[in-house]
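For reference, the structure discussed in these notes is given below.
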Amino acid sequence: MVDPDLTVAIAGKTLPNPVGVASGTFGFGEEYEGLTDTASLGAVYTKAVTPEPRAGNPPPRLAETPAGMINAIGLANPGLAAFLSEKVRILERLPCPAIVNVAGAVMADYLKVAEAMEEVDSVWGIELNVSCPNVDHGGMAFGTDPKVLESLTYAVRKVYSKPIIVKLSPNVTDIGEIARAAESAGADALSCINTLTGMKVDVLRRQPVIPRGTGGLSGPAIRPVGVAAVWKVSKAVGIPVIGLGGISSAEDAMEYLLAGASAIQVGTALFGEPDIPGRILGGIKIYMVQEGFSRIADLHGFF
Amino acid sequence: MVDPDLTVAIAGKTLPNPVGVASGTFGFGEEYEGLTDTASLGAVYTKAVTPEPRAGNPPPRLAETPAGMINAIGLANPGLAAFLSEKVRILERLPCPAIVNVAGAVMADYLKVAEAMEEVDSVWGIELNVSCPNVDHGGMAFGTDPKVLESLTYAVRKVYSKPIIVKLSPNVTDIGEIARAAESAGADALSCINTLTGMKVDVLRRQPVIPRGTGGLSGPAIRPVGVAAVWKVSKAVGIPVIGLGGISSAEDAMEYLLAGASAIQVGTALFGEPDIPGRILGGIKIYMVQEGFSRIADLHGFF
Amino acid sequence: MNSGSPHKRGKARILDQRIIAEGYREMKLSYSSDSNGRPRVRPSSGQFFTILPHHYPLSIMRRPFAYSDSDENGFSFIYEIRGPATRDLANLDDGSPVDWIGPLGSTFPEAPENSRPVLVAGGIGVGPILYLARELAEAGAESLVVLGARNVGLVPRLEWPETAEVRICTDDGSHGIHGTVLDGLSNTNVTNAAFYTCGPHPMMAAVHRFAVDTDRPCWVSMEEMMACGVGACQGCAIPVKDEDDLSRPAYKQACVEGPIFDSRELIW
Amino acid sequence: MNSGSPHKRGKARILDQRIIAEGYREMKLSYSSDSNGRPRVRPSSGQFFTILPHHYPLSIMRRPFAYSDSDENGFSFIYEIRGPATRDLANLDDGSPVDWIGPLGSTFPEAPENSRPVLVAGGIGVGPILYLARELAEAGAESLVVLGARNVGLVPRLEWPETAEVRICTDDGSHGIHGTVLDGLSNTNVTNAAFYTCGPHPMMAAVHRFAVDTDRPCWVSMEEMMACGVGACQGCAIPVKDEDDLSRPAYKQACVEGPIFDSRELIW
């Protein structure tokens, strides 16, 4: 039995395997040292980078919900300058591809970060976060209006030559329309989904747990929404789709791959089991061997 | 200590208490006989009624997901004629208000059912299901386009004089906009949320569990999405909002009431614990007494 | 609370459970002594109950199981360990409480006069068939029981009533008759048989066709995903023939119109 | 896997747990014998570990607890039963496995020379304070321990080292000094005190103010909701003073920059 080919092709480049770790849940790649093996990862998607440093939202930033959690980090990050001076070094040492999650309040923000990334060899590609529901100017408008997204993607395309992944929000009426807009403007791949808008109320304090009211819901609870979104998006576009949302086992990952994803990301599940990506990859391999698949790309198209 | 006033006012009529049972999960009011006490319910929202009988979707229609489930019933119901000849008798005997959930493929369907309901004394009001994601013509377009919803609500308003509740879908970019459209066209109240679009894949069969692909996700998993939606909608409109989605305890119900709901509905949680509505009502009462509230309407407006 | 309805919800305690085949267990439960812990009517064979999964609400749906026995003190069932709820069941200590709703659904109908009940079971279908054999024995009726299993390890070790003739068939011939339940039925005079079957869908379909070919009545116990178990959610649709209009699908509810159906009603 | 990092994940078994006050328990765990079941470095006082909730993934977030003791064979902690994860802990049998990640976070710093450690604890803060008192005793240092509780039922029954002078204060006067921990500090010469405090936020704020007023150093152990516990998620923000720009908020991460902070760094 030949080992299955686990590589994933995006815009002429390849990821070594389909199991990446999601933006915002894996820092800049070194925080889980000793707890997970970055050499087994398909990619590290970094925490969002904005041009200026951001302190983030006031606490509490986290709340637990049934089989899920709400976060409102607020794109806390050291900013582009500190990223270049401090974080790039970490990415260089990573034994797997590093994809930088790019965010901003206005188009110029995205362009500024993307331009800077063009110069950084250790960055495999970028992921445009146009779907963060947790800041007032977190790019959410970019992710909900196809025309706005199209012009953003188009502008970034002009300044960035390596793979551009556009990360889609599930909080829209027609995710296929948004996906087509990103594709037509030159995106190389789409990742979906970002978090759902959610709220938890502290009934004794009579206030939302998260000071700003709503936050982003992630975890197993949202998996069916993510799988449905990936299915719709993969039918709407021709470029690869990277699935995420609530993946915590190889079976969950297989749901996404069969629904149309070419790769996946693990987010919230890392908090519980930091070494889960390696075990998910192992499970995918076993599935492929047992079911007779030799390439990841052969896993979709059944429905 | 005076007992708190639990009544809920909608369009000049009152519901005896805020805890209803959600459409599609409580049949036509008699199925749970012996398992739950309908006399303690604030309202029974019936399964959707369409003009013609509907057989519904092929099985499997149900799938379990983390802290939730997917259904694709497909509006299976006996149709208007059988409703009038067989089900109205059951509603007449109910010791609580009966609200008929109305669905259809085109506007004329809604009007036909609404007109018929106008004549039925035992029907307290109607709930327009403009948000069912599980049939190809299940009113979803009515629930995602504010203009279409406005004209539908307006047309129903002309033929129906008792309370009209419009049930909103969470699968939209801006639920506040949809809510305002329904209000401006004369809706007396809004209920939210209906199910989220979700998919589960059978990884060994390599097919979606639900033959038509996607279905509606309900249960505790979606509660944060429902609470956020109710909060947004109650800020967007002046009419009462009825909250639902994942309520399975008094604390869950309180989250909705504090977030802006004037009443709530229990759906999926009935399947596990058919007598949970009475216990939720008991818990709300205790909260009100302990925290010094005398009226349900005083529970919201804190944030 | 209206108590015109036969079903109710209660708690029972696990008296004991034992392994009866690889991955299969028989669990005995006893009602609590107060009337609230007991069903309103005694369950009959073919009927089922639902339990609240131990991991509720991570597992949100109740799980249906057919009775394999029942008396005034409690009831039994046979289950296969398949997923979260049954794994939890297998790990519960004796004495643990189980939240049940029952009895639910239709019962196996009586066999037509002068006919001989032929009971055919496989896999998780053995529980209700065992109960039916017991009821028949109580009523003084003889029966033929044909059990199918893939191999000897999956043959359930159970005590069948003396009035039942039990034939065991294994796909690999490791026990009893080498072959399927249909092989178990060959060399049988079926001119007065009344078939009752519960088990994997292909097995029931084969028994149905055999009954049609031999012009004998056949009742089957259908499984479908259930949410409410009481007819409220329309989740448990079983495709049936619509006498009025054969062009469109018609469905019956497995939970209240079944789980026991006349096999000729169904679309196979 | 790189093992430059001090923290790792392992399984430990519950050796034993006992009730030390109303709703409070002390749990002792032992590492499994293989090196994989042990931490890389011995945890110090102030540090914490996280456990995977028994009901994972219904409860999706790991739960942090401070060490109350630790040696090469295992560790202990003191916990209050509050919600799903701690309720599950209380119901676990001895011998049950617990999935831990540790040691995490910063440690209580050494007291400046010639100062006398004054340890102030309330509620769930007693665990790390007990550990610190033990470490100080091991190092041959004396300490003053001031414990606050609402009433006698909540006063933890624990064995403190002999070198620690323990004062107990209850809000209702049902045990020890009538009053708060600040009352417990009156009549104390604090000219050479070094304060260490862990407990409810208002209590720590009061100790901080007392330390500022008396111009003595003060370290506090901060609690914030944590998801990753290792600095990756930015979830555990603690508002701190930004020296450069006091107009905008600045935050530190409780999990890696804390949980122990110099109280003067924080916004109270």
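Per-chain numbering from 1; labels A, B, C and D assigned in written order.
The criterion applied here is as follows: a contact is a pair of C-beta atoms (placed from the backbone, for glycine too) under 8 Å apart; a residue touches a chain by one contact, two chains touch by 3 or more.
The shown structure was predicted, so the numbers you read here are calculated from the model rather than taken from an experiment.
Colleague: Chains in contact with chain A and with chain C: which ones?
Modeller: Of all the chains present, those in contact with both chain A and chain C are B, D.
Colleague: With chain centres set to the mean of the C-alpha atoms, which chain is at the far end from chain B?
Modeller: D
Colleague: Roughly how far is chain B from chain D, going centre to centre by Cα mean, in whole Å?
Modeller: Chain centroid spacing, chain B to chain D, equals 47 Å.
Colleague: Roughly how far is chain A from chain D, centre to centre by C-alpha average, rounded to an integer in Å?
Modeller: About 35 Å separates the centre of chain A from that of chain D.
Colleague: Where the centres are mean C-alpha positions, what is the separation of chain C from chain D, in Å?
Modeller: Here the centre of chain D sits 55 Å away from the centre of chain C.
Colleague: Taking the mean of the CA coordinates per chain, how far is chain A from chain B in Å?
Modeller: That gives a centre separation of 34 Å.
Colleague: Which residues of chain D are in contact with two or more other chains?
Modeller: In chain D, residues 57-58 touch at least two other chains, as defined above.
Colleague: When you check chain A against every other chain, which residues touch at least two of them?
Modeller: Residues 66-68, 219-220.
Colleague: So in the complex, the part of chain A that touches chain B is made up of which residues?
Modeller: 65-68, 70, 144, 171-173, 196-201, 203, 206-208, 213-214, 217, 219-225, 227-228, 231, 246, 251, 254-255, 258-259, 287, 302-303
Colleague: In the complex, go through chain C and note every residue touching chain D.
Modeller: Against chain D, chain C makes touches at 55, 57-58.
Colleague: Quick check on the complex: what are the chain C residues that touch chain B?
Modeller: Residues of chain C touching chain B: 1-9, 40, 52, 56-62, 101, 224-239, 248-251, 256.
Colleague: In the complex, go through chain B and note every residue touching chain C.
Modeller: Those residues of chain B that touch chain C are 24-27, 31-38, 47, 55-64, 66-69, 71, 73, 76-77, 219-220, 248, 268-275.
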